[in-house]
Amino acid sequence: MMNKSFAVTLEPGTSLENHTGSWRTLRPVNVFKLPPCNKQCPAGENIQQWLYYAAEGDYEHAWRILTEENPMPACMGRVCYHTCEGKCNRGFLDESVGINSVERFLGDYALEHKLAFKRPVKETGKKVLVIGAGPAGLAAAYHLRHFGHTVHVVEQAPEAGGMMRYGIPVYRLPRNILDAEIKRIEDMGVTIECGRKVPDIEAEKKAGKYDAVIITTGAGISQNVDIPQGDTNRVLSALKVLGEIETKGEIQIARRVAVYGGGNTAVDVARSLRRIGAEPVIVYRRNRDKMPANEEEMDAAIAEGIQVKWLSTIAGATKDSLKIEKMALDENGYPQPTGEYEELPTDAVVLAIGQNVEKDILAKLEGLNMERDNIVVDPETMMTSLNGIFAAGDVATTDRTVTHAIGMGKNAARGVNAFLKGQVYKKQPKNPDAKFEDMHPWYYTDAPKTVRAELEVARRTSTFDEVQHGLTEENAIFEARRCLSCGNCMECDNCYGVCPDSAVVKLGPGKGYEFNYDYCKGCGVCAQECPCGHIKMVPEQI
Amino acid sequence: MLQIRLHGRGGQGVVTAAEMLSLAAFLEGHFAQAFPSFGSERTGAPVVAYARIGEGEIRTHEPIQNPDVVIVQDKTLLGSVDVFGGLNPQGYAIINSKDPAEKVVPELVKMLPEGHVFTVPATDFAMQKIGKPLPGAPMLASLAAATDILKLESVQKSFQSRYPGKIGDANAETAALAYNYIKDSKKGGSNA
Amino acid sequence: MLDKINFYQTGSNTVGNRLLNPAMRSIQASVDRPNSLISGHRACQGCGEALGARYAIDAAMRATNGQIMVVNATGCLEVFSTPYPESAWRLPWVHSLFGNTAAVGSGLAAAAKIRAMKNGDTNVPRIIAQGGDGGTTDIGFGPLSGMFERNDDVLYICYDNEAYMNTGVQRSSATPPAARTATTQLVGEHPGADWGRGKSVPLIAMAHGIPYVATATVADLRDLEAKVTRAMSFHGARYIQVLVPCPLGWGLKSNSTVTVARAAMESGFFPVFEAEYGKITSVRKIRQKQPVLNFLKMQRRYAHLTGKKADPNVVARLQALCDTNIKNFGLLGDDEPNGVPTAIQAYERSNRV
Amino acid sequence: MLRQIEGSLGVAQAVALCRPGVVCAYPISPQTHIVENVGKFVKTGALKDCDFLNVESEFSAISVAIGSAAGGCRTYTATASQGLLYMAEGIYSASGLGLPIVMTVASRAIGGPINIWNDHSDSLSQRDSGWLQLFCESNQDAVDTHIMAFKIAEKVGLPVMVCMDGFVLTHAFERLDIPSQEQIDEFLPPYEPREYLTTKEPVSIGAMVGPEAFTEVRFLQQRKMAKALKVIEEVTAEYRKLTGSKSGGLLECYNCENADLKLIIMGSTVGTAKDEIDRLKKEGINVGIISLKSFRPFPYEAMRQAIGDTKQVICLERAFSFGGRGIICPEVKRAMEGTNCDIKTAVCGLGGRAIYGTTINAMVKHALAGKFTEEFTWFDVDSNVLNSYTKNAEGVTFPEGPLGASQLEASVKHA
């Protein structure tokens, strides 16, 4: 031991006696913000979190996080119109993260590795009837089963899947994928009864001693439009065309087909017809900017050689041609007739101008509130005006996408679960939005979006093979790693590193950090340098 | 105690000569001291050095005001510096010159006892043997020959220990030349 | 597979990155980093010097397996780290004077070597001498140059905050032009520090032909750690000048220390490079080029250049300095350095900017 | 072993015998020969395990020494005059850090005007620096004191200046008894620092100490000085016993028995004075000499005993305080407080002006004749030189002989 001089020589590290935390007027706290992707996702997926694990290569963990919200990622990774990507903050940097493709990768990974859902730990003994095995019904059944309830699904179509099977062409969603993801739900103990229509819901509920019912019957009636026509020009509904292609693998239809409408269904129909050798022309009354169809799908359609008649309505039809009236957009963007006409040689017309809810059985439910084409539900609980009867999916919304249906099914399951416990489901309050301005983008590595490998255009036009290929593992990780982790910790160690007072404690992998307020002087460098805006300085209460 | 003052010019080895003088005395068992007149003089400037030889501890460190011997290594100093200032009336003077003492310092020859003033062509000897105008060794050897306070061998040894090898040996040879020169002149009775 | 993906979300731009394999992570990211300068020190909030010192010394500790002894010049770092009765240092540390740090380092290095030799110890502790820009570029410059020319086995680290902060923000020879200090106030016809003054000690250090010279900032930790680590791989005199913004002296918000250092780096205001044996071996390229105004506007010491009464000519002149650095050091893209880099002072003095 | 060598070489050999780990130096006359020789020993391998650093200034020399001592090595350097002043900041740092550095000060006047010759104004300017200051009266004393200095410094935990008169001693060839390595190894074991920088036990040396403890730090430093008085005596006794040397000590008395007058002198003038005192004794004049060896710490008690009953004391001072008076005299007065001893300063030997036996003789005669009427007297002013200026410049002339402070003051009264 040394003979140390008084005062001039000091013991090492003794400054720990000096608690500089008392200097602080602002204190750093971790804030958990709602990333724009999560906020946008109709299925309520915790996208950022599953990207976090995907980025680490822990695909199963990522898949499990994903399927906490959505049981069908392989389907969703194909058919979701991924509006999340449009909100992605990375778009401000270079291009948004390819969330959808990572989702598909995870979905396919799970199928390939035969990952199964966990069966419920405890059976509640409660019985729930789900009417309709479309995405909303399947999602509801999955979540209900997860809660431990006994779930029975009744589907009027020959097979489960709803619009995923009868509305979405096989080139977008191969049926083996759909089947596998449905099977995985059934493997949890959900029973699905196909080919039976429930004629009377109340009676069925009573007879089956169901504690609750969720109506997810969808919107399967094609909307009609009055086209003055001769007998000979065939007019078909989009769903009939798509359904027939699904069930029979083909459809007998003319060579020159006009597809009337500008939504996704119109595009699906046109692209399907192209694949069976027809020459479809989309007739749409507005222009491309106003077209509701997904942009990528539309691009693909044009690339496949599908013609479009913009700003056109069908004024009439004869045996082999359509009378098209040219439209013009007014200052509000609405199409107005111009009185100019042209002929479009056509042998058949497919109407793809929207779908309606089948109301016959709903009408039997006394006291069921409807608004226009939808069942009215409580937005929190998804319960209809009838106690114990819930609704989800297209039947209860005008946002008629698979993703919305899945989200609504989940929400209905939660509402039912609370109901079965004698409670009323309350949605968790959302975290504040994670805004790009709150972030420190300098830290992120520059990385362009992976270009998905696509089939050659020529090949897509002649077969129903899947158009869009999945990502390789390499690409999937790459995409996942492009996530900015907006508003939530990605364990980059910046706060831990940049603290001039070593007052941030690193808790270890997955555990994040905590502030040592004994020493934190409240300078705010950690908050300033946090790439993802996860730290906020709040005034000390003095 | 014998006090010796050495005069010369910077670069002529005056200080070294004083040191060698003290070393030679030490080698013979005497107490001795040598020190320069301290300054920042450069080559060519007048330089003084001192030496003391005694039989007991030499404590004083004052400059020598009343030398018993004055050694003048450069006779050009004679006109400009009072080299013989304070010289013991019974003392000795040795001057580096080819010319006889009577010619170089006639006053001094008259002042000091006979046979106490010597001249020696030390630079010539040095040039012969060392090849450089370093008259230190021959001057000390002359002192030894003139006063018998030191042996020639001691002078030679001091240089040889300071400059082992050729240079030391050359100094020793030069010293011998000067020693014999003085001894011869003493035998001749007169330094003239 | 994971290792093949050489893209890591934030790459090496952040302190850590859970996606990197542990061997590739920064020293500061590790839970058991040395924390050579530990909590409880009395540096101001957001002190760049405290940060830079911990970064650098921790890196040196790692590079030498903990065999580091530090000599510290008088200055903020010394005052805030070791006021009686508490020291924030966890390694052997000594402070003597303001201007003699490099020389004390030389002595300590000699002692460490000799003690090891005498004790038959093969493990010789390595020496770091450190100080602020005043202690380095001004009062300690002679001893620093001496340490360099003798090639003593000392790494000298200058924590450059561009003025005498400890005494109340007076100008040093590292103060950039137009900056406000207590001795170059924002008054008169030419507010702030004069043009054509000062010196580039890194370039001077290079002229000594010492094994290693580098500049770095607290805004690029990986770069800083790599440089300290590289420096410790050499024996002999080494010099690293680290830009450490001072919230007090620069008039920054306390949270902006790192951000402003980044702006200095990304604008070319502070060229970041390294040199071995007098030759530049690499420059840190600008990642996202910023105009000098981004750097200036965060700082009250340049308030006169960003307000309504700002003189655009002065800003343009500062921008020209940045551009000169970018050109001379080849800070952008695939640019090569433009021959022998020149101190910006030379350009100022030659009226080329 | 007896050798006839230059004082500087003797000191270099003494230093080498102490086996320092680090020696650093910057050239300044008249200290140069010492470190040149030490450097040579290191280079030839005669002095092993030693690093010799040629630094770029005295400021760095003391700083390298600080670093080396803080690193736990026995450390030596040397300087003089301006060099010492250039070190000044480091001088205080070294003592404040308690680093047992040994440094030779080859005493020389301080400019301006620049002057390379010997007096004591350099070392005495650092009187309050917290270093021990040991003065040497001969080269043998210097050799021995350097060796003792290492032991004293290390025992006390303070640095030591060994002050030897520049040129007069450093450049003088004399017979020196150099102890053997075996003797010194026995006397001075390998250095065990009290505290030092090591990675095995990290400490922070050189803290900032505020008002709350600074006085206590200084108190403890002063306490080390008090300890040093004892240590100097102990170490001197040990060394003398081992080597038979007469060197060292706090002070040394010569012919002090029943002396009518005592001279207090530091440095090489002591020897010159001793010879003169012996001559005076033959004239029946009994003068004692107190050779003051340790100026810091000042041995008040030993001084009081050395002066004893003597009623008259002259301090021969080779430096003084501008606007004040002598430097040694006030210390001696403090030592003799409460007695009726008459203590005066005689300033002489400034900037290399030689002090001869005759100077001492005159001083003694003057004193005994009662001509020292003032505390402060300029003793060896050359009135010719002085008047050559003052007469023309101010019409003032000074008489021959010693000048009292009052004469100086009177000469400006009508200014």
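The first chain written gets the first letter, and so on, giving A, B, C and D; residue counts start at 1 in each chain.
The rule is simple: a residue touches a chain if its C-beta (ideal position, glycine included) is under 8 Å from a C-beta of that chain, and two chains touch if they have at least 3 such contacts.
Just so we're clear, the structure is a prediction, and the values are computed from it rather than from any experiment.
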Most central chain, Cα average position: C
B-D compared against C-D, more contacting pairs: C-D
Centre-of-Cα separation between chain C and chain B, whole angstrom: 65
Chain B and chain D: spacing of chain centres that average the CA atoms, whole Å: 34
Whole-Å gap separating chain C and chain D, where each centre is the average of the chain's CA atoms: 45
Separation of chain A from chain D, taking each centre as the mean of its C-alpha atoms, in whole Å: 92
Multi-partner residues of chain A (at least 2 other chains): 7-8, 10-12
Interface hub residues of chain C, defined as touching at least two other chains: 81-82, 84-85, 87, 89-91, 93
Every chain pair in contact, whichever chains are involved: A-C, A-D, B-D, C-D
Residues of chain D that touch chain B when the two form their complex: 2, 4, 6, 29-30, 116-118, 138, 165-169, 171-175, 268-272, 274-275, 352, 354-358
Interfacial residue positions of chain C with respect to chain A in the complex: 1-2, 4-5, 7-11, 13-19, 25-26, 28-29, 31, 35, 37-43, 45-48, 50-51, 54, 81-82, 84-91, 93, 218, 221, 247, 253-259, 262, 287-288
Of all residues in chain B, those that touch chain D in their complex: 18-19, 22-23, 25-27, 31-36, 38-40, 58-63, 65
In the complex, chain C residues that touch chain D: 66-69, 71-72, 78-79, 81-85, 87, 89-97, 99-115, 117-118, 125, 142-143, 145-146, 149-150, 152
Partner chain C, residues of chain D touching it in the complex: 21-22, 24, 49-51, 53-57, 59-73, 75, 89-90, 93, 97, 190, 196-199, 202-210, 212-213
